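The structure follows.
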Amino acid sequence: MNIAFIGLGNMGSPMASNLVKAGHRVTVFDLVESAMQALESEGAGRADSAEAATQGADVVISMLPAGVHVKGLYLGRDDAPGLLETLDASTPSTPNTPNTRPLIIDASTISPEDARTVAAAAAERGFTWLDAPVSGGVGGAKAGALTFIVGGSAEGFEQAKPVLDAMGKNVFHAGDNGAGQVAKICNNMLLGILMSGTAEALALGVKNGMDPAVLSEIMKQSSGGNWALNGYNPWPGVMEGAAAGRDYEGGFLTDLMAKDLGLAWELALGSKSTVPMGSQARNLFALHSAQGNGRLDFSSIQKLYREGE
Amino acid sequence: MNIAFIGLGNMGSPMASNLVKAGHRVTVFDLVESAMQALESEGAGRADSAEAATQGADVVISMLPAGVHVKGLYLGRDDAPGLLETLDASTPSTPNTPNTRPLIIDASTISPEDARTVAAAAAERGFTWLDAPVSGGVGGAKAGALTFIVGGSAEGFEQAKPVLDAMGKNVFHAGDNGAGQVAKICNNMLLGILMSGTAEALALGVKNGMDPAVLSEIMKQSSGGNWALNGYNPWPGVMEGAAAGRDYEGGFLTDLMAKDLGLAWELALGSKSTVPMGSQARNLFALHSAQGNGRLDFSSIQKLYREGE
Amino acid sequence: MNIAFIGLGNMGSPMASNLVKAGHRVTVFDLVESAMQALESEGAGRADSAEAATQGADVVISMLPAGVHVKGLYLGRDDAPGLLETLDASTPSTPNTPNTRPLIIDASTISPEDARTVAAAAAERGFTWLDAPVSGGVGGAKAGALTFIVGGSAEGFEQAKPVLDAMGKNVFHAGDNGAGQVAKICNNMLLGILMSGTAEALALGVKNGMDPAVLSEIMKQSSGGNWALNGYNPWPGVMEGAAAGRDYEGGFLTDLMAKDLGLAWELALGSKSTVPMGSQARNLFALHSAQGNGRLDFSSIQKLYREGE
Amino acid sequence: MNIAFIGLGNMGSPMASNLVKAGHRVTVFDLVESAMQALESEGAGRADSAEAATQGADVVISMLPAGVHVKGLYLGRDDAPGLLETLDASTPSTPNTPNTRPLIIDASTISPEDARTVAAAAAERGFTWLDAPVSGGVGGAKAGALTFIVGGSAEGFEQAKPVLDAMGKNVFHAGDNGAGQVAKICNNMLLGILMSGTAEALALGVKNGMDPAVLSEIMKQSSGGNWALNGYNPWPGVMEGAAAGRDYEGGFLTDLMAKDLGLAWELALGSKSTVPMGSQARNLFALHSAQGNGRLDFSSIQKLYREGE
């Protein structure tokens, strides 16, 4: 398939690379020259603009930092028309074809509201646009083991699935447009709660004489069992390979967790929801970041609970 | 083996029953006549007092409501000497035997402090005393599928394990005396956090248009995965067999969760620990109880998040 | 002075009325005909549009529901140019006058960001624009006893003060543009904390046998003293005239407090601030609203703490 | 009057001193020799034991660190009978006197439960025993400006008032025995909420461009007004004489605030109360203490909110 890939950051580059490996004809565009060169050396084509990259594409995939970039790309900016317009103008060139318009998949993490805005504008012009945020981090992107959480029509999801399978291990259909973003935010809020709760339970046990490895094992096999205990134990030395074992370097950063919990606040404000557990987690990670740990893995929240040892 | 079993409540009765089924000679004592009759009909012996029940026992097991009862049983009350005294006097009757003193296992959930107090008094008189609180509820007790979290010496644990295996599926050695209680409190605090956090994430998603079953499935297979999502989903209709499907009847009561979270507060006060997530959960369950839901399963905390729907 | 007043809601009407009483020539505009008639009967002039109302004005005052309305009024909407444009075109009609451009005061409660945006646009066209949100409610507006918290230049503040004095008792200069809004949000966050904290302390005391009036008096004169205890006691029957004494009817609504605490969240997100106390209060008021109390006075949060009595 | 004063710590010494200055005949006892010498040099008598100090006393006052000491003093310990016994035996020496038994006032801060236990034992033996915890700190004790919050009978309160007036400025009758302690705990919980809430509002404002002194003044005169803003501003430099101005040295220590908030937890556990605001404050002060600030004034919680500036 002809795939246009816009946005070659830490996540986008390995994702595009996996599409090339899967045999697709991939044309990339990014503002960073070196990122395009790297993909070119792996077999991708490159273009001088997003508009050029998407000419003749069956599928357009974007992976951008925030909602403002996604809106700029598709709806246009002061200095450039949006893809929805340029794609529109280019597609009728092959008349008498059932639907030659490319499927559009945005894998960025943005607000559900922004996702719905762009999706609606796309629908008006006859495009299927999907929000498909990922989880799994850079490691997952490289390994082709991402989780995609997709919002949009069932037909669009079916079309997208084979393409996403080349980059991910799990591909979920969350619901209509925006639902991909909502599900990701809810999941990450719960993750923030699990991680801080697990760190808190471990610290409470250790301060009362427990061995952290023994307590971890007991809780993992009991009703306290959760994702953090299974594969991301925050106490140093308990679990091989976990970020805790390398001074919390790398991984999913505290600042990113704080940002995702901020998206949960926005979701809660918009829907007048009560979120006492998620708010608690947000404030803990924000404090932890302010104390200088923003660039450490988020499981370093354990340190906050170990003060005064 | 000769086993004395003291305390035949909702938990103690099926536990004793499983010991009988496993072929042990069990002598029971409880203040409630009918409870003793039921066990008698299953093949247990009965005694008129705790002291009488423990005559000639190899193992003494107690399952009582609270620390005050456990201390009364072993250390004595105004109106009766404690078992540590009566057992002491009775044991030398078989001289020239290496150690004829029975092993003592207390399966009650009490404070670590109380457990350590009784264990120390027992050690002074030459007895091995273990704290072995359980999780798994009445269902687990009936099915012989309890989890035992044991505090005490490694030797004591080895001796106790075959007996506990007759009543449980998992038997953990948490550490020295008191560690069984500490580990149970930590686990249940984490459980309270998981359950309220899961209910909160589900409600946030649903208020933003998600289907609760779809969101549950996504989070379960992603980094939000936890024990509640795996087998105890709090949203009605999502999981067959869960308490949510029967109007939250039965199960592990809101009031018991609130009580366990109170034990976590006591542990935190004693060790000057910070417990923002556990405190949040405690206050949510306390409020939920005050609003009339104390006798519902604790997963009914979901209702608190669905107000105003 | 010639004053144009835009926005005659529950707050704006009595504010404009007080300006008339103070002897100013006031021209009003609102979309609601009856609101304009009422002011006309008190001596104000009326206009058919905001543009018309502001012709020849020395001071323009606006009192609108939200940022979107304020931006529409000054910056323009699809269907109408903004006042910054129409005022600009009208003012040069009197040449050789030092500065004939009217002072602009917006008394609406909007986000600091929106306030700064409009203020900057105004400055570009040579206007002094002040954000001057009020506290004191409808009662304060009628009594001319509002508090104005003003953001903008010191010169602008000095010019505005005599006009604001006609409507308020306290007029503060908070700092540059936006600071009026920031200060109001911080104050109302603290108010939400004080009120819920006071209700919580009273309930804890009463559940432990205290008389609420006695406890209120002790705390009021001790280190727990605060605005709520001084004049807005949330326990029914303790303080004459308080909303608690009339089933929490009227006053400052729970929903408005929840909204203001939401503005505090936005401020915290933008500045990466940790706000554990304010977040707690926001979630309490949001829950209280979801349980059907959104239209009651915010001191009704006391009810949440009295559940199960 | 003849007054026996037991317990000459940081608080007890200046309190006893003020009684001497007021013209009472004061006999003191403490285990610390130098503390007794200091009082002797001011005109007090001294005794070799609590029992000796209380011979012939009209009033007995105790000021001890914790409940265990208070119970030991009045109810006895292994090595010594309690005052309730020795006073009992000594009092009949003057027969035909209406009521020669001394009034007993305990000014220690202990749990309401302990206070009620000792008061009941005292009543059984015909003594009036009052719980009269103080607020105001060492400064208030020296200045004779303490606040006494008294639990016990109205008659006892009337008898005690003139004596307490010599040591304090405000003397409140909170209710029956234990109510003095309950009221103090509720007040201090609210104080912890006010102080952390005030620090949080100030930090939020400053991070959004406000001057802390201007914001303090606005909130003080608005609905955010509270005891902390009036006389104990936590932001350095805003208020002359406040602990914030001397690097938070001295004053009411973080550790003591954390302890009082712990007493609030115990009260909440006993009465099944929901205390989300007080819990939040407790965890903040506990964390602040663990981060090395336990011996600073409690207004240093401001530092926690200023991390990352």
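A few points about this structure:
In order of appearance the chains are A, B, C and D, and numbering begins at 1 in each one.
Quick note on the criterion: a residue touches a chain if its C-beta (ideal position, glycine included) is under 8 Å from a C-beta of that chain, and two chains touch if they have at least 3 such contacts.
Predicted model only: the values in this text are computed from it and were never measured.
When the CA atoms of subunit A are superposed on subunit D, the rotation angle comes to 180 degrees, reported as a multiple of 5. Among the pairs C-D and A-C, the greater number of C-beta contacts is found at C-D. Remark: subunit B and subunit C have CA centroids separated by 54 Å (rounded to whole angstrom). Inter-chain centre distance (subunit A to subunit C, centres taken as mean C-alpha positions): 40 Å. Residues of subunit C found to touch two or more other chains are 268, 272-276, 280, 287, 289-290, 304, 307-308.
Residue ranges on subunit D touching subunit C, taken from their complex, read 112, 135, 147, 149, 170, 172-176, 178-179, 182-183, 185-191, 193-194, 196-198, 200-205, 207-211, 214-215, 217-219, 221-227, 230, 232, 264, 267-268, 270-278, 280-281, 284, 304-305, 307-308.
Contact residues of subunit B toward subunit C in the complex are 276, 287, 289-292, 304, 307-308.
Residue ranges on subunit D touching subunit B, taken from their complex, read 258, 262, 265-266, 268-269, 272-276, 279-280, 282-283, 286-287, 289-290.
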